[in-house]
Every structure is written in C-alpha cells, then in structure tokens.
Amino acid sequence: MATTGSPFLAQPYQGIATFGRQPHTRVLAGVDVTILGVPYDSSTSYRSGARFGPRAIREQSLLLWGYNNAQQVSPFEVLNVVDYGDVDVIPVDVSATHRAIELTASTILHAGSKLITLGGDHSISLPLLRAHHKKHGPLAVVHFDAHPDTWDEEYPTYKYSHGTPFRRAIEEQLIDTEAYLQIGIRGPTSGPQDYIDARQLGGRLMTIDEANDLGVPAILTEVRQRVGSRPLYVTLDIDAVDPAFAPGTGTPEVGGFTSHQMLRLLRGLSGLNLVGADVVEVAPPYDPQHITAILAANLAFELLSLMARK
Amino acid sequence: MATTGSPFLAQPYQGIATFGRQPHTRVLAGVDVTILGVPYDSSTSYRSGARFGPRAIREQSLLLWGYNNAQQVSPFEVLNVVDYGDVDVIPVDVSATHRAIELTASTILHAGSKLITLGGDHSISLPLLRAHHKKHGPLAVVHFDAHPDTWDEEYPTYKYSHGTPFRRAIEEQLIDTEAYLQIGIRGPTSGPQDYIDARQLGGRLMTIDEANDLGVPAILTEVRQRVGSRPLYVTLDIDAVDPAFAPGTGTPEVGGFTSHQMLRLLRGLSGLNLVGADVVEVAPPYDPQHITAILAANLAFELLSLMARK
Amino acid sequence: MATTGSPFLAQPYQGIATFGRQPHTRVLAGVDVTILGVPYDSSTSYRSGARFGPRAIREQSLLLWGYNNAQQVSPFEVLNVVDYGDVDVIPVDVSATHRAIELTASTILHAGSKLITLGGDHSISLPLLRAHHKKHGPLAVVHFDAHPDTWDEEYPTYKYSHGTPFRRAIEEQLIDTEAYLQIGIRGPTSGPQDYIDARQLGGRLMTIDEANDLGVPAILTEVRQRVGSRPLYVTLDIDAVDPAFAPGTGTPEVGGFTSHQMLRLLRGLSGLNLVGADVVEVAPPYDPQHITAILAANLAFELLSLMARK
Amino acid sequence: MATTGSPFLAQPYQGIATFGRQPHTRVLAGVDVTILGVPYDSSTSYRSGARFGPRAIREQSLLLWGYNNAQQVSPFEVLNVVDYGDVDVIPVDVSATHRAIELTASTILHAGSKLITLGGDHSISLPLLRAHHKKHGPLAVVHFDAHPDTWDEEYPTYKYSHGTPFRRAIEEQLIDTEAYLQIGIRGPTSGPQDYIDARQLGGRLMTIDEANDLGVPAILTEVRQRVGSRPLYVTLDIDAVDPAFAPGTGTPEVGGFTSHQMLRLLRGLSGLNLVGADVVEVAPPYDPQHITAILAANLAFELLSLMARK
Amino acid sequence: MATTGSPFLAQPYQGIATFGRQPHTRVLAGVDVTILGVPYDSSTSYRSGARFGPRAIREQSLLLWGYNNAQQVSPFEVLNVVDYGDVDVIPVDVSATHRAIELTASTILHAGSKLITLGGDHSISLPLLRAHHKKHGPLAVVHFDAHPDTWDEEYPTYKYSHGTPFRRAIEEQLIDTEAYLQIGIRGPTSGPQDYIDARQLGGRLMTIDEANDLGVPAILTEVRQRVGSRPLYVTLDIDAVDPAFAPGTGTPEVGGFTSHQMLRLLRGLSGLNLVGADVVEVAPPYDPQHITAILAANLAFELLSLMARK
Amino acid sequence: MATTGSPFLAQPYQGIATFGRQPHTRVLAGVDVTILGVPYDSSTSYRSGARFGPRAIREQSLLLWGYNNAQQVSPFEVLNVVDYGDVDVIPVDVSATHRAIELTASTILHAGSKLITLGGDHSISLPLLRAHHKKHGPLAVVHFDAHPDTWDEEYPTYKYSHGTPFRRAIEEQLIDTEAYLQIGIRGPTSGPQDYIDARQLGGRLMTIDEANDLGVPAILTEVRQRVGSRPLYVTLDIDAVDPAFAPGTGTPEVGGFTSHQMLRLLRGLSGLNLVGADVVEVAPPYDPQHITAILAANLAFELLSLMARK
C-alpha cells in the first residue's frame, strides 16, 4: 500500500487520469510546477498520432508511485504540482497553435510556476522556448533527439514544422548556443550538410556513436561544463531512445539509447538550474503495449524530480 | 464548431477525459445524473481486462458532441451531470468490492441523483441493484446480454461472480420478475438446464433468434407491456452485441445484435420510468481500434438521453 | 457452474487446449467423431498464417460450454469425440502434404469415426474429399466460400493449390455435381469466365447477392432438395463470412454473410446425412481479438452437433 | 490463374503497389481514368492517420482480380487507367495543400482523364470539387458519410477543415444543391442546428434511420431522380460504413451501413453521368487487419467500374 | 531436422501445446520435474491478463528444440518431465486459490518430483514457497524482479496480493533471509520506506543500478556466496527484464535487464542446489508478437536445464 | 528539406513505395546496384509472413533520407540504383521458386549490376549464392543469424528449406569455407550435433556469447582476416538481432544483438570486396509498429553504402 497521503493510494487503473493524480486546475497561485499537454501533430513528417501523446502519458503516469528512489525525492510531496490540461491547438494552423502555446506557457511561467510540457510533435518546443526566454533570457538547452531538427525548411518556404524549431530558436536568440547540446543524433540525413549546418549554428552535436563511445558519465561531464549555472531547458524527443524501447513515435530511428541510458542521462543533470522541460513525439497509435508512454511518464517524473531537488 | 456553451468546444483528443467532459466531483448537490466507474474484473470467467472499461469509455465519450439527434435532446444541457470517478475496488475480494459499490451507489442515489455505472464485469450489477432497490423497491429490469448470468454457482460454493448476479438479485427480491427481460441470449451453455433454470426464476428469456424473428418494434412492445410504469433499471452487457461490433469484451459470443439494433432498442425505451442503468464488460485490451468503447459511450449516451427526456 | 461431468468444469483460460477439452489420442476404437488439425498454409494466395488456425480454434473452443441450445443437443455427451492432433504437413511440398492428409483421414474413417478437420488453407479439402469418397462414394458437397476455388491453375502448370481443389475433386469424380452447392460467392475475379467455368463443372454457384435475396430459409430449401439423402460433406471457408465478423483470414472478401446467417445456414442442415466436414482459412496473425477463431470454433461445434443429432 | 493479359497475373503480395497494378505515370495522353492519392490528414478532428490511406488502399487493391462480377465489366481492360501517385501536400498549411490538390486535379481533368482520388481527410473534397466544377459546371453530388461536414467553422474563425468542405462548396456554387444528397448521416452533433443548417443549404440529408427504413432500392430511386443527367461527383467518407466493417477511420460513428449495403448503393448508380469520385478518411493505423483498406479498394473499384460501363 | 527421438520432431506450429511437448499427465511416478500452470491474475495491481501466461508460455515452448547449447544439456532427455496442466484457481478468492496451489504443489513434491511453475501473478509464489518449505525447510531464494513485493498491505487490511508475498514468506519463516536476494529492483515506490522495509526483512536488495555496475559475473559471485549449499528456490518476475524485451507484463518498469543479461544470470546458477522455481507475470494480452512468452519459455528452459545438470 | 535533387524531397508517407524511391524498372543498362524482392515464405519452420517482407522494407526505406552519416556517402547519388520488383515465386514449389530466383539474379548480375535481395525466408540465399558463384567463383560469406541453417534435412528427405541452405551451398562448393563466418548463433538446437555439424562443414561458428565477449571491433578484425580480398557475400537473417529490436520475424531467438551492434558490424565491413547481399526473414504480420522493417531498411542501406564506397 502506498504511504498514507500519497496521491497513489488508488490503483493505477482507477480514476480520472491527470498527470501523477495531481489536481486538474488552471488556478496557479502557489503552484511550483505545472504539467501542460500540447496535443498537436500536424507538422509531423512521417507517422502522425502524437496528438494523443499527452493523454497516454497522463494515463501511464498513474504507475509512478511517488517516490523517486534514484533521486531520493518525492516530487509530489516537495512540490505543489498541478495538471493544467491541454493547450487549445488548431491542427490546420501551425502559427496559431504556436501562439496559443506561447500564450499558455507564458501565463503559467508568469504565475511563478515552472512548466513541464508533454507533446505533441517537436515543433512545439519553439513557442515553449520563446516563453521561457521571455522569463529567463537566453537558455542553455540540452536536447535529446535522433535528429538535429535544425533544417531551415522542411517543406519549401515553410519555416515552422517539426524539423526546424531549433534553427528558429537560435535565429531568435532564445538559445545560448555555447550551452546547446544535441545528444543521440543518428540516422540518414538529406546530405552531409545537415550535420555541418547544425554545427555551424554553434551547438554541440553529439552523435549516438560519440555518445556510446564516451559513456554516460563523460557525456554528463561535458553537459555540466557547457551548461554551467545558466538557466537550463531540457527538450527530450522520445526518438532519442531506440525504437525497441520507444516504438510509439513518428520517425523512429534505429540504433538509439536504451531506456536505462536515458534515465541515467536525466538523473545526471542534478544540480543544474533546470527551469523548464518538454517530452515530445510520443505517438500512441504505434504504442499498443504502452511501453513508450510508460517510458515518457518516467522521464517526465525524472525531470520533475530534478526540479524537486533544487 | 460545437455550439457555444457546449462542453464539446474542445477537440476529442484534447484535455482530461471525464465522461462527456462533465465535471469530476463528488459534490452531488443539485446533480441529476452521476456517472460512476467500477474498474473491477476479478470475477470474469474468460478474458480479464474490464477493469480498464470505465477509463476507455470516458475517453471515447469525448466524441459525443452533445446533441442526440435520434432522441432530440441535449442531455448535458437538460441535466446536471457529473463524473464521480471510480469506486475503490479490491481486486482480491469480491464481497468487499460489492460492499464498496453498494455504499457508493447508495450515497449517490441518496443525494438525489440518478446513476449510470460503467463496468467492470457483470458481477457489479448485484450491488447496484441492491442500492437502487433500497430507494425504489422491486425493480423492472431490462437486461441485454448474450448470457443469462443466472447460474447458482460459477465456481463450486461461490455465490458471487459475473455468472450469477441476477439469480442472487431475484433471490434477494430486488427484481420484480414479471418485469424482468433477458434479451439477446445465445451460445452454448453447460446444459439445457441453464435456460430452463433462468426461465423458472420468473423472467422472460428472449434468445437472439426470437429477437431477430420478432424485430426491434415487437421486442419493444413486449418490453413496454412488461415494464409498464415500474421503476426500470437497464443493465447492458456489451456482449449482447455481436463481436464484430464489440470485440473488446471478456466472453464474446457470436451471432449477436448489430450496433444499429442495439441503439434502436435503447431509444425505444423512451417514456419508461428509467431510474438507473449500467454498461458493463467492455475489455479494452481486446479493443485496439476502440470501436467497443465508442459503442459503449454511445449506448451510455442513449441511456442518459432517456433520462433527459423524462 | 457447468453441469457435473461436463468437460467444461474448468474455466476457459485453464489447462491444455484440445478441441472442446476432448481427449488427445490416436486410439480410435469406439470413437464417433475425430477432430483433426491441418496446419498447412503454403498454397495461400495472399496472407499466410492459416497454419496457426487449428491451434487457435482449439484454444477458443474452450468457450463452448457443451450444450447447443439451438440444436438442443450436447454433442460431447452424445458422441465419443477425440482430438487426434495435427497431420504431419510438409510446408515445402503440397503433394506430400496432401498424401499425409489423405492417409491420416483414411485411417480415421477406416476406424469407424467421422471426421471434422480444422485448416489450414483450402487446398486441404481435396485429400479430405478423396478419403471420404473412398468410404462413401460420390459426395454431396455444400461449400460455403467467397471464392469458387475451381480454377484450373492458380500458378501456371500447377494443379494443386488453394484456388483449385474443387475442380480437381470434380475431375476425380469425388463430388456428385448435382448435389454440389457453392454458397456466398462474391468479389472480383480474373474475368467472367471464372463463374462460367465454375458453373460448367456442374455445381450450383450461388452468389452472395442471390443468397441475400433468397434469404436463409429458401437457401436451405434448395440445399436440401439438391443434397437429398446423399452422403454430405460440408466445407466451410471462413471467408464466406464478412471480414467484419471474420477478419482473420487470408483473402478477405467484403460484403459477406453475417455470423448469424452462417450459424443459421449450418443449423438448417439438420437431418441431412452429414458424413464429414472441414472449417478452413482461419489465419490467427490477422485475428488479434480472436473473433474469427471464436466463430470458427462455434461453426465446428454446430457441425459436430449436426452429427450428434443424426 | 488470372486470365492472360490481366494485370493480376502476379500474386497480391508481389511487386510494387500501384492501384490495381496500373502504370505509375504522369503522362496522361489517352488516359481514361487517373487514380490520385492525397496523403493529408492535418484537418482531422479526432484520430489522425489518413495520410497513410492512399498507400494502404493501393496495397489492398492488388486483391482486385480485375473483373467486376456484379457490374459485369473489366474496368482495367475497358479503360486506360494510370496511377498518378500523390499530391505534394504541405501538412502545416491546409490552403497550400488545397491549392496543390486543385492544381493537380485540374491538370488531370484538363488532359481529358477522369479522376478517382484516394484520401486523406475529407477536407480534400473541396479543391477536388473546384477542379471538377471548372470542367463540368455545377455538380450533382452523392455524399456518403456519417457526418454532414457542413459546419461553418470547426475551429473558431477557420473556414477550411474536414468538417466544413461541403458548406464551402455550396457557398462557392460548385454543387447543384437540388442534386446534392447526404446519405448515412448519424451520431451526436453539437446541437439540433447541425442538421437544420445542413438542410437549409439545400441538399437532401438522409439519416441512417431513414436509409435503413427506405432500403437500398428506394434510396437509389431517390438518388436517380435527384441526380438525373447532371454531371455526378461521388464523395465517399468510409465512416458512412459501420466501424465493425471499417474500423480504420478517424471519427468512427456506430450504427452505420454494412459493407454489403455500401457496395449495392454504389453499384446502383449505374447509368448516371459519373464524372469524378473520391474515397476518403481511411486511417491505416487503426486498421491492422486491413479490412477498411480492402473495403475502400473495393469501393474505388466499383466507382471505376461505373466509369467503365458508361 | 531434430535428432531422432527428440520431442521436437514436429514443427512448432503443429500439435497440442504442452510444455516442451512433454506428456500431459497427473501420474507422477518416476517423474523428475513437473511443469505446472497457475492461471490466476486477480491480485494484479495494474494490467490483468497473466491468467493466460501458462498457455502462452506452453505454446512458445514448442520453439525449444531440446538441447541447451549454453548449458550443454538436453533436459528433456536427461530428465523425465511432465506437464501437469493447471491448478484449479478461483479468481474471486485469493485464499482458496492459494490453498489449491499449495495442495497441488505439495502433491507433486511429495511424489518426488521437482516443480517449475508458470504464472499467473506473483502472489502465487507464497503458496509455492510454503509447499517447498514443507519439504526442504527454510529456502534460499533468488528473486528477480523490478519490485520488492514486500509490502505489508497492497490494499488496506489485505495481507495477500501480488505486492506482498515475500513479506509473508519471511514472516512465515519459509525463507532463510541470509540467502534471500532481490535482483533488478527499480522504479518509483510509494516512499523511501519501501526499500528500507524490504532490507529490514533481512534480504539483499540489489537495485538495477547496482546490478549494472557490478556486472553479471560479480552478481553471480555474490549470489553463490549467499546461497551456498542451501536448497534454492528461484522466483522470476518477467518484469525484471526491460519492457523492450518483455512488454507483455502487468506492471512494466523501464530501465531493466536485457534478455541476454537475464539468460546469463540464470545460467550462472549452475551447481547450486536448485529445488524449485517459478516464472510469473507474463500477460499475453500485452504481448501480440509473443516475444515475452518466448523469453519466458527460454527462461523456464534454462531453469529446467539447471535441474538437469545437477 | 532534403537537398535538391535528392530522391527524398517527398515526405515518407507520400507516393509509390519503391526501395529508396529509386526507379522501378527491369532495364539494367548502366545500373550499379539492383534491389530485388523475393516474397517467398513457404519453407518457414514457425511463423509464416515473410512474403510481405520486401513490400514492408520498401515502404520503410522511404525514411532513408539519402546520406549515410556513419559511412559518409550518399549511395543513391554515387550509384545508379534501381528497384527491379519481385521474383515470380511459386509458393507451392520450393525448387521452381529457387530456379526463378537463380534465373532472375543471374540476369541481373550478368547485366553488370550488383544485387541486394530482400526476403522472404532464408531458403532463398541458396539460389542467390548459386547466381553469385557463377559470376565470382567461390564466395566469402559473412552470415549473421541466430541459427546456423546448416541442417541436412529440416523435414525428412527434404534437402531444401530455410534450415538447410548453407549446408547445400557448401556441398555445392559455392562458399569458400575458410572465409565463411556464422555470427550471432544462439538458442536451443535439436542436439549438440547441430553446432558440431556446422563447424565440421568448415566455417567459423561464432555464438552470441563469443560475439559479446569479443566485442564489435574484435569480431570485425576476425572477419577481415578470414575474408581478405575474396569476393564477399553478406547474408543477414534479421533474427540475428534480438526480438526486442526485431520482433517481426519467423523464429525469434532471445538474447541477440542490439540494433546498434548490428549497424556497427555492417559498417565495419568497409573496404572488403562486397559483391552481393541479402536481408531476410522480416515477417510484417508480427511487426505492427514497423520497427523490424525500419531496421531492415537501414541495414540494406548500410550494405548499399558499403557498395557505394568501393
């Protein structure tokens, strides 16, 4: 039985699914961390379905009994956490959706709460970075992904889609590129220029081969050196993890991290100044055994635990 | 776009899933109808999984745009409806679970609200009938099912499981057997005695063959004659419907109703004194395309609409 | 609880899966009906997987509680039934497989038992007809199917595959074509000649449109007139039924029978001289909710019940 | 074996999947009918995935052996048919996508070919109607669907999405509303106004209840009376069919047509002046057994056969 | 082709599925090892379905060709192995089920056979330990799991469920806690007390992080030191393995062992005095590709091979 | 957006699926590498379905954006690549199918093109080796697999099936056994003789345990030493990879390579004289999330990239 007072007295299959059984409210007074969903998948380049990501992660979050043994913290006890529900997305208009995301995120941040966002496709990180930048100035960004997402245009003349957010964010000076790391990058690209372009933007592109050769501790050392005391935003595309561990995603890329590596990479961010985070690209139609959503819920819980330990 | 003021302004993939986007609360003052989940499946005789039924039906209920064209009513506008959440079931103890169900149901009924319950396996109808009987006295019961569920014991010496609730209910005089109809019965049984026994309990057992030969209008005529003005409880095992339309159930029985027949059967109960209802045996692990949960959500919506037209 | 002495005292999820929990034996003395599996699918023209048909049907047969209410008989009590297990098929050699089937079937028939065979693709009906012809002479055949299976060659120069068995059977004079009915035929063919050819072989090809226009009782009248007192073999390709009711098959053809129609068509064969039967083309990889295997198990149970009433 | 010269000599699991194994080309000289895919699903209001519809329908079209027995025609022999491939859609821009569709469709029609389009979500019918109107003037439209798709705005201020195309088409006078029928309409709506609005636009809204009460022949009589000799466009949302027969769609609505009814409704359009057609809203992520795509391929084949018989 | 005399001459898709094609019998004279199924899942705290575990493992065990190359032994030749079938569980009564398990296990052990049990949820290990303790006295236990399963109560006042068996076993002095190891523990718990409590019971709780840091050889060294020559019982909850390798389980916990690690951990128990074992929590409804059941069958085969080498 | 001129300007869900969007043609003048499908699965010993392997790999190959970052080459730019389509297999005749494969492969090789073949079951490698031997003489073969496939007979008296091709190839002196490596071998076999027999044929059988102990670089050193400058054929059974990463295969064997190991093993063959390759045993019915087909497409892309760097 869960400890008395735990939000997890109920069994995981019971009740209304908010993230971690936290209250579903838009009243933010005194809230430390807000969980927000963005059910938007119209800028996906392969398999759509990430619009159901927030709901699936919420449902599987009911397995998170409350205490993080690895980080030795009970984030739902230490922090006042709420589930804000979802942004009102407009699937036929990426710009309107981005405005709605930025507005909602800014409202939450302005109220004094931190924000962890559940996607949705990766295009949503751009308005999230805008909102965080407005509050914190240029951000250190640790970006776990199989793909750099720094194309200039994914479709000719279109600047905004899930393949371009981080180029836009750098152009808009939201990111402090000296403290920008892309970790887990791999797979075919449209040419050698993709990685060259990404690197010329100023960030540290670390391929999966580099990452595996370095090992988790050395990766973390480099991350901590680059990030320092800057305000840190973590953006985690679930496809950083291998499709064996996370099949439910839009553009699966073979040869990725194990779930154990991914957990340890997040836990190793302890002590950094984490100001915001997102977990994106969970596509439930391709996740019938729910293992991707369960992993995403755990990763969001690790991020929340990092915030709880600050 | 949904009519202004409709609970369905949000898209169905957005937000926290309560039934029909109604408020999740246990404050019952002024509530007309309460939706209650019972995530219990330990008395299932074949495929378990109905514990996830309430959550799946809630999720798919977000497709119910609000206005029932067939019944010409907007139940969420006419009625004050809330989603109470789920009963605290104990999967290892059927009796404790039944007590919890009866207690919760009685609390809701005592507060002046009607109740529509989402199962869970069919064993849960017994405590629901007890609670309704306490308020209304002997009940007319329209029972849609492939199986009579009137065995004396499903497991030797065990009186309570999903194959026995209606025998128990009759023994406890919860049901007025003159106004008890079992509709859609079919499939192999353990012997000829099963139907004979069911009929000797006093109800009207109508096999699927009889039902198809009669046709929906004649079935409804008979139902109305038997039920009259009595307080009516409707219990709907989703396996009354053919597995093509409702694969996600524990003991599928081939040769059942179409979804269209089932909808018309419920709509035809209009004008009767419907005091309570349940929709049970939806087993989401066997419903990957969600068509069973979508059907169940629509059937619950028809029942709610009947209550709205009273 | 099942009647004492019933083979179905155990719950359907318990124990070793033989057909209807009958003994798994090859000792045939005193046996009335033998269930035989043929896990062969190498002559399938589209989706393979029917090799798992016998196992899936056996597993779902544990839902058959024992008494057939429609036919009012308990076949497992009236008859001595055994499950022989499977033929030793050779997936790379259709002819060797056919010889093995014929040999096994002949052994069973010679021992005085009737035979119900679970496929496997439809090519297996040819050796089954050979074995039954050896015992009974020319056979009346009621053949439920979406496809006539009377091509001369499915692959150039190959006479034996799942599109040709009934032409071969007619050429080998195993079938009395005056008493040969193909029922439920539909879908595109390679040209108008396919149906013309099938009809020139002498049988009665009844399309699904004719069948639906006639209705079940009139179909049965015609069947009984043609079959008369001849020894009757029933061969049932599960794709006679619509893919909504039977998705788990190799060459699904839309617009077919409902499961209720199919059940009534079999039950209506009562009183005819049924000497053997097969149920084929159940492909479990395309049947994750098991509704096809459950239907096939029920259809085999109806055939067994017909034998029990003789 | 398929008739010599048939495109279907190969087995359905073999080779590159174009529609009906027709040549994949954009050279349109002498082409009678062009098959076009529109893999766009960003305006879907519930389950995304229809972007994979064209590919799935093409793959399952390899089961169409070539001769339509019901319509007694071999469309691939009578007509010169090509598979043009897909429109270059822009998932983040519905207007640009509509322009691309209209341009591609107009190019095809201008070359003298008829067009059958495979969706994609239902928003694509608007640019298709524009292209056909440009060639033929105001169109008779037979619209099979569960939903009227005549909302003014699905998202506030947005005029273009999959819930609005037919209101737009009527406003743009693409449709001759005296010859506009919506058939199979059902399910909850946002209010009574939805159907009233739809009817006030001038078309004939026929609910599934009306349709079932009339029966297929009477529906067809009404269709033929209204359409007369006008140029006819048929738009078929697969959700007109019940989810049992077509689970793989974005907004499943229970209580719909059977596949047999749907086939007969299309076949009954014989003799009308069919100038174009689309089959939309097939969502393969929700169609693991492929029965929806197989049905859609057959429905497209019926439409093509109608064109072949003219 | 399998070696002559091997039980695996038949292909894996053929025949009746007993474990390793061993005889299905309850006659135990001369039997070395008995395989027993316990299809009970009512005490599962999240996803039910483990009741189908024994059947699924049996089916996939037909892939075990007979010779264990890693352990260099043919257990089905060295040992006389039988498949006893399943315990008669009562899903509505955990205590009655436990009594039935203990009785059946004791009968088997008393007949002189060892026992390998296939679950079913983890609550079943308690009566299994009781039966083994009766024969062997206090047991060394190597317990592979993601969860300690040493809660006092999973539901208030309930002492028996799948979260409590090992606390009960220690209280009943069935386990020699000096030789009790829990290996692979991870994931959130209800508080820090969970691990503290588990450790205070006297066993060695080894988290996945410790296990990965130690590596397989060092883990095995510690196991061998603690176990020594004591009678050893191995209990293996399949969720010790990562959900990528074993998605089909009730409470998946990310970040676990790989299948290769798990195999090597079992093989490394060679030479210890293995007196009994179970493999539990395989939930087939969440294992559509069967990879969990295949893994479980291989793990049971490794355990059997250990018994064969003694 | 992909580099201008890239075949990958279209999104992966768009258009007709040929391998890497290369032209579908049988005109081979000037072609460097031909992609060929062999949709044959009749000699599979467990789960059939590999007949859909070529189509699934083609579909997922549309994710290969064109540039191989690990090998630093754009194979579709460096090489003239075509997709030949599929061999005309005869599912009921393994010998005729083998003749058709050999004939087609020889035609392609004779035209001066290299060949990468997509299976289909592993029996197809024998005729492929014959065709390559005809051109290149005895071949070095690097064979990744869980199983040695060097049985003499899988079914008594049958020399040709998916368990025997490499024994046949050695008997026919197609392989230079000094340069024949089997890598990743594991799992139960019919007896100790299986590995002994395989080794006596002269090749190097490296079990998964040896492989994991050596590590990728040491494996590659040994491969390069043995292969030297000989003409090299690579045959890759997808079951060399663990079922977590490749569930969609016929005879899954637990405890295999990760996808990252497999990628690095192929990349490490750089500089060897690669003359041909196949990727076999992808069974799409067991791959609903497509991760196996995505992996196979990437592995074929690595092989193609090796050819491009020569």
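Some notes on this structure:
A, B, C, D, E and F are the chain letters, set down in written order, and residue numbers restart from 1 in every chain.
Here, a residue touches a chain if its C-beta (ideal position, glycine included) is under 8 Å from a C-beta of that chain, and two chains touch if they have at least 3 such contacts.
Keep in mind the model is a prediction, meaning the values are calculated, not measured.
Residue numbering shows that subunit B and subunit E use the same positions for more than half of their mutual interface.
When subunit B is fitted to subunit C on its Cα atoms, the angle of the rotation, on a 0 to 180 scale and to the nearest 5, is 120 degrees. Inter-chain centre distance (subunit C to subunit D, centres taken as mean C-alpha positions): 37 Å.
Subunit C has its Cα centroid 54 Å from the Cα centroid of subunit A. Subunit A and subunit D have Cα centroids separated by 39 Å. Shown for subunit E are the residues that touch two or more other chains, namely 11, 13, 45, 47, 51-52, 91, 155, 242, 244-245, 286, 288.
Annotation, chain-chain contacts: A-B, A-D, A-E, A-F, B-C, B-D, B-E, C-D, C-E, C-F, D-F, E-F (touch as defined at the top). On the side of subunit B, the complex with subunit E involves touching residues 41-45, 47-49, 51-52, 90-94, 155, 158, 160-161, 285-286. Residues of subunit A touching subunit B in their complex: 10-11, 13-18, 24, 37, 39, 51-52, 55, 58-59, 83, 85-86, 88-89, 91, 288. For subunit C in complex with subunit D, the residues that touch the partner chain are 45-47, 151-156, 186-195, 207-209, 212, 242-245, 247-248, 251-252, 254-256, 286-288. Subunit D meets subunit C in the complex at residues 1-3, 6, 8, 11-13, 63-70, 72, 74, 242, 244-245, 258-260, 263, 288-291, 294-295, 298, 301.
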